[in-house]
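In order of appearance the chains are A, B, C and D, and numbering begins at 1 in each one.
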């Protein structure tokens, strides 16, 4: 796999467009046509679908309405590669994305080139004569594609994990093994604080408006929970004690027969973890990853603590977002490290994903981007080892249903003052 | 049906015990053995199960541990009538409560008498020599039973509605028809406010601790949304326009083929509503009832408004809780009326049901009462026409999953300042 | 429970009508309103539904079209109590029969009396002036009701078995314990034989026409397989060895986690069997009962034998049908005995339930009676301990899907000549 | 696609091995890696799975036990590519064959070559020194592979049909359009006849033993039912009239919303049919194809006829099997033609798939080949346009569940004498 270099801060829109689009292709490059076609569960999408869907976004929301003379590559792609934009028309059922054999990956590559050529023209025009909202819409498309780069990685990890052969995404580099420092508590006095995006630079609509709120005093842990700590939870009967669990969580534990995080398997006396480089022995110092919000909540209760709210997280740890190690496409796995450990795993919060006071979704179909998912999901903060460089912000709100385990999800403890 | 009289404020615990227990039997009295046996969907419980389960609560948490020499009625009742207290042992599957034919309603009545006699002895002793937490535990049992009185009514309504004969719960009184006043906006300046229970008198654990928070300025409507307003939503394509709905809501609309609130059926040109007194023509002035949170949210979006948060609701409307019409067991149906209309329908809020800052569940098995349901539910406020008199408080937090329609659920609009 | 006396051979149609109708009420008499209301799985119908449905049959196919001035009891009963006669109109969903609380059992009894009074008039008229097919249609109605008497018993057994209290249908008589004689092989030379009904007396349409066919030489066992023999199958790993099973059977064993016949539970070292008189220790001499065709087939393979075809069964054992012990409503349980053991358990055959050559269903809606079920079912022969006296014939074809276990189903081995 | 030539009668085993194995690769050759990976429903298997599974058969049942020094290609292939041989070990879940991305098609091709090289050695040795059953086992492997050639074609047709793009399996040749002759009745006098394989040449175990049986007089139609005749059935409300259907069939019609054969879609006023060459207008003269047994049965009832039994079919039409047009891999679609029309579509019979009298499955794991599927399936006769040349016989028994529509299934009418 070629090296992926994030565009330097202050890069032109054209350079940024090229860099983001190239990154997707680099991430897909170790994968065969067969690998790129499969959908292993309804939540997962095939690699080639990610490559085509992100392209369809530019075609539908930018080239079609704004580039005179643009000819769409194939009229049916709107049906095949729309994800959920109800306003744009009907679409191929999400759970059946894995039955589409054609277009194959060669034609998907050609589709991407077709759109990139047209976008080069449009970006050039926009750079010279930006119309209402055009730069923002291009920027949205790029951030959208970066989100799908992370989805591509977590999805292909799930696909490969279903195979008894336990194949690797790419040849395995020597995975760094760090050492987890002891966790300490970082106290915060509470008070009236502000969270949310202040409008400088790109942000998704769900990060706005910035608004004040009142926090009571609290403390957060100085690093995420580790695999070693999770082993203690397992050994203490954590997955068998209903009193530790929310009712929905306990139901899910039993229905899904969860006994450990996703991708952990017992190997004789020890545990093995499936990674994008194939299976490897569990490293107790690593941040625990691939746990659901239900598991995170139960662990916190077991530990005599709780999950932080998203506001607590933002005011206590937001400054550390994006200052960790850079995204390394060849080493997509959380590692123990110095500092606060922000950016290795998405950290579940105790906050439901709901609109901020005064929230207004963007106008038109792109307004379906975030707001419509504001039910039955929880907020995660901080970014992870699969998040492209420069993509997250202190105010970034990721969200998943509480039973989701295939994202790179971990947790950090919080507590009220003694 | 005999008249139900709420015990006067300041009644002794013994009088209060007798009054609450008698109310349950009065509510069940119009129902045949067949009526009391059926479970029409997994969320619904049979009437006789409600009668037995509330009795089991007193037997398990009070008589067993605290009344010397108490002999339990039947050892298997613990299995049959436990609802979800995992700490107390295994239990009959919730979705299969309707397959239990025995004990029949006569034996359930005898079980109730058996427990009531023993409880009379215990209540008497507690009145004279209260030990740690005993009065509170009895009070909890009574509040628990009052909750099940409301569940009994909403459950039997669902059961009867499944029958083509559309039978009535009891002979129909002339239902009052009021007239809905025009809705106006009640403005609130926001600021730092306090919500939650202050500790005086009974409250559930989930209402505590009382705590400060910061509200931005907002307004709430002066009355709930009416059936007539809901008809306008339907006529404007409300159930067919995806842009009005949350993603999960739209999925549910399609999967369940919702086209109107539960219990509404089209009758030629007009609409008919199924009530506990049988079918009757829709009254456009009544508060709309039996809508899910998804529908409430979509209606609010259509109306250019939103749902209030639970904090907004409590500070703006909490004073009106429990001051409306008294619970009338013979007339369980929301009516239009003067004033703020609080207490006719449970009002969906935009708030997820989550712990208050510093929340601690009660110790022991009764601690499973509220806290473990804090996921995938939304808070409702205010009480409804099926809520027993004196049961609710300004700080009372009811909760249901967002797709629930069989409770007496309606909504009131809120908005941000213009 | 009162004694049930089958009408003597040669009884008048009126006497026969009265006797059959009274038998249903006698069978229902030990059951409470609660017992009679419940449906424990989609295949099961509530007792009061059986009582009403059989009544609806007379109302719909006889009184309505043939008794001048007859007034139907309630127009909606046609919807509630039609079972599957598509030609007669829509019907209440089969799997939801257990949600119907009204009419209750008192009204069902009144409905039966209402129809019986009118039928008395019609039967009298038919006795004097029989029109085309009227006696046959009444006879069909009586045989239909007798079938439902057996269904009533096997259904209520399933309902009661779902209750941890394991209640009895009626006070338990001392169940006879017989002694199973050693099984021997009864050889048959094969050749051209005839099977099917010859037209003398009542028979269902599916037993006709009588027709010749060619049998190869075969042998059948002299008695059904016993519980003791089944224990040997279990002990030899019968439920864990895929090579013994049909593919669909093995799938079902795993999906349903079958480890023994239905109603067998392990009780310490031994086995207990749930009967209509409550639980009792397993009697190894009894015919095994409540096994599916899949299990019967696997047992036969394990024993180095096979199931007989229905033609083999009829020519070798048909003469013994109806000559065993009489139906004893107070003792509905198979017993070991002398003779061929025919009539204790329905005996699975290897024959799919398909039309005989030249089969013609009856004209009109009653033609839906048998023919439309000729797919995915297997034929059973011989009658069982729950079959009303005089109901079966040598040519009688019962049928159930191969996974059914709640009827009184057992088996007898067959084999080819050595 | 290269031409496929069936090996001449009397070819050596080595030549026959090479020809059959080459045919599979030729059939797969128009398909991309993406095409070969997808499983569009649980009944369907990916192309590359068919290629690997047929190879695994030779490796497992021949090379492993009988070629000294053979090294299996990869130990995990036994798990991935076993289909249902329970005796050989656990296996990858059938419904999840489509999640396996690796081995990809290049490695599958290498696996085939690896096995072919070893098989060349073994076939050579067997030709010189055949041990017990070895030639028969190789012959079984080849017939097994031919079955999968047909499955490959019907499976990929289903896969491609799920795509809105409606892609073709291969460039479309001009499809011949024939003209259907009027159907006449071919009378047969009945009597004692014999069916089943006589032991000369290869046959599957389920075709034996040859045995006598007695047939009543009957008639069969001179050709299969055509699409034009099926249109008349549709136009006469065939899919909306419950009286025409078996109960299970009617349930399926409603549950699956069937309104026409699989692959028929309405195109304005007319109908379009999806073929392996892509969509084309319906040809009313073609044999109707892709109908379930339920539909075939309902059509026959509508037409005042019935389906033939498999014995009737064999004695009346067996002589015509394999005398029709040769398998043409470039034109896999039924056509109207002269003669009896045998070999264009598999013809549903009214016979359940059950063992012949005296049936004995083959010893060992290959004995799981046919016998274990003898429940809930119906027999089809005659072969179809996707059946490789020389594969079928007059006694060949194909079988599918009655709801199956994705095989090339049609029907021919039969009737009893007037």
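Criterion: contacts are C-beta pairs under 8 Å (C-beta built on N, C-alpha and C of every residue); 3 or more make two chains touch, one makes a residue touch a chain.
Bear in mind that the values here come from a model prediction, so they are computed numbers and not experimental data.
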Taking each chain's C-alpha mean as its centre, the one farthest from chain A: C
Whole-Å gap between the CA centroids of chain B and chain C: 46
Separation of chain A from chain C, taking each centre as the mean of its C-alpha atoms, in whole Å: 59
Interchain centroid distance [CA atoms averaged], chain C/chain D, Å: 38
For chain B, residues contacting two or more additional chains: none
Pairwise touch network: line, ring, star, complete, or other: ring
Complex contact set, residues of chain D against chain C: 84, 86-87, 192, 211-214, 216, 242-243, 245-250, 293-294, 297, 306, 350-352, 354-355, 357-358, 368, 372-376, 402, 416
Parts of chain B lying in touch with chain C, wherever the complex brings them together: 32-40, 48, 74, 76, 79-80, 92, 96, 98-105, 159-160, 162-165, 167
